Amino acid sequence: MSHEQYQSQLDALHECMIACNHCYDACLEEDDIAMMAKCIRLDRECADICAYLEQAISRGTPFISELAEVCAKICTECGNECKKHDHEHCQKCAEACMACAEACKKLVA
Amino acid sequence: MSHEQYQSQLDALHECMIACNHCYDACLEEDDIAMMAKCIRLDRECADICAYLEQAISRGTPFISELAEVCAKICTECGNECKKHDHEHCQKCAEACMACAEACKKLVA
Amino acid sequence: MSHEQYQSQLDALHECMIACNHCYDACLEEDDIAMMAKCIRLDRECADICAYLEQAISRGTPFISELAEVCAKICTECGNECKKHDHEHCQKCAEACMACAEACKKLVA
Amino acid sequence: MSHEQYQSQLDALHECMIACNHCYDACLEEDDIAMMAKCIRLDRECADICAYLEQAISRGTPFISELAEVCAKICTECGNECKKHDHEHCQKCAEACMACAEACKKLVA
């Protein structure tokens, strides 16, 4: 199965999608929600592109390199934003984003 | 983290999405592709709803029960179609679909 | 083309998706963002299911009725939340949601 | 409303998504389905990225340029494949893809 060679990237994308969606969900419940607006926004951007790329890789898309390049950029920007906030969900999300950005860079031709 | 109580369902959805997309990809390469048209179609339906529900659960959607009910139905229909074909990717997909349908049924209120 | 019989529903879904995403975007910029948390959340739920159903109808999904039933429910809940807020984007979104809910109900078998 | 400046691109993306999904649906019913495998595959790639970019623009994504660049490439490849086939749905899809590719190129910084 050709998608098996991408197992570590699929795992990184999946973990990043889950972490971003959890961070989004948790940010919407925080008292300092006004501080979290950019984080909420980037969490959604990042969750959606990771979910997209996961599906695209697993269906044998011919556009892995192009999509992975965009995904790496979005993960990096989301991770940089999350890193600024002390909430545990933000810190965990930042880690998942940075790991995913590295995984995606390996897919860029 | 509230999404952690759904870990087994998230895993089942993720495995089903991957299996359906792989089956779709492989069906498109089969010599008997004319026989596989319904399988290709249902693989996409099933991969997309599983990917959708995975994201929805992880972002704390208030609509888990309604979405899981639809997902269980689509998984069941996809699994029933895949079961009819001897290709290994179809048989594996049928198993993932049936496991996911069971996981989804537990989410229906 | 079979999807043409669904033109009015496709239009309603498309308009609702655009309105929900715009409302989400605008809510994240409001001064009273803490008041808008539920609206932000439901906007995303609603935009995503409308986008999903639009695609599903246009690809000839066999699951229109089931998906439209869920979509009608989510549109109604999003519309009810948006209606509570005076922002123009919320009021416009509420209208689009209610119109879309009605359009979806016509698709339920 | 900031997404209104993108109205022509949103329309092109929407029409391309609908045309690709219809072409996918119709290809799966063709007698010469074996000839259409690549078209089916690219139709899904193209419908999914157009649907994605439509949503991303309407939610105010900061990544329009990067996503539009990928979308333009996928639309072009899908349009080039569709152009090879005489089926009316393929010819119409090719037109929608090429128009969408041009629209996307205007979004690349």
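Each chain gets a letter, A, B, C and D, in the order it is written, and its residues are counted from 1.
We adopt the following convention: a contact is a pair of C-beta atoms (placed from the backbone, for glycine too) under 8 Å apart; a residue touches a chain by one contact, two chains touch by 3 or more.
What you see is a predicted model; the values in this text were computed from it and never measured.
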Chains touching both subunit A and subunit B, listed by label: C, D
Please work out which of A-D and B-D is bridged by more C-beta pairs in contact, and write that pair. A-D
Whole-angstrom distance, CA centroid of subunit B to CA centroid of subunit D, is 25
On subunit A, where are the residues touching two or more other chains? 41, 44, 48, 55, 59-60
Which label fits the chain touch graph of this model best, line, ring, star, complete or other? complete
Residues of subunit B touching subunit C in the complex: 41-42, 44-45, 48, 52, 55-56, 59-63, 66-67, 69-70, 73-74, 77
Which residues of subunit D touch subunit C in the complex? 1-3, 10, 14, 17-18, 21-22, 24-26, 47-48, 51, 54-55, 58-60, 89
Applying the document's contact rule, which stretches of subunit C touch subunit A when the two form their complex? 28-29, 33-34, 37, 40-41, 44
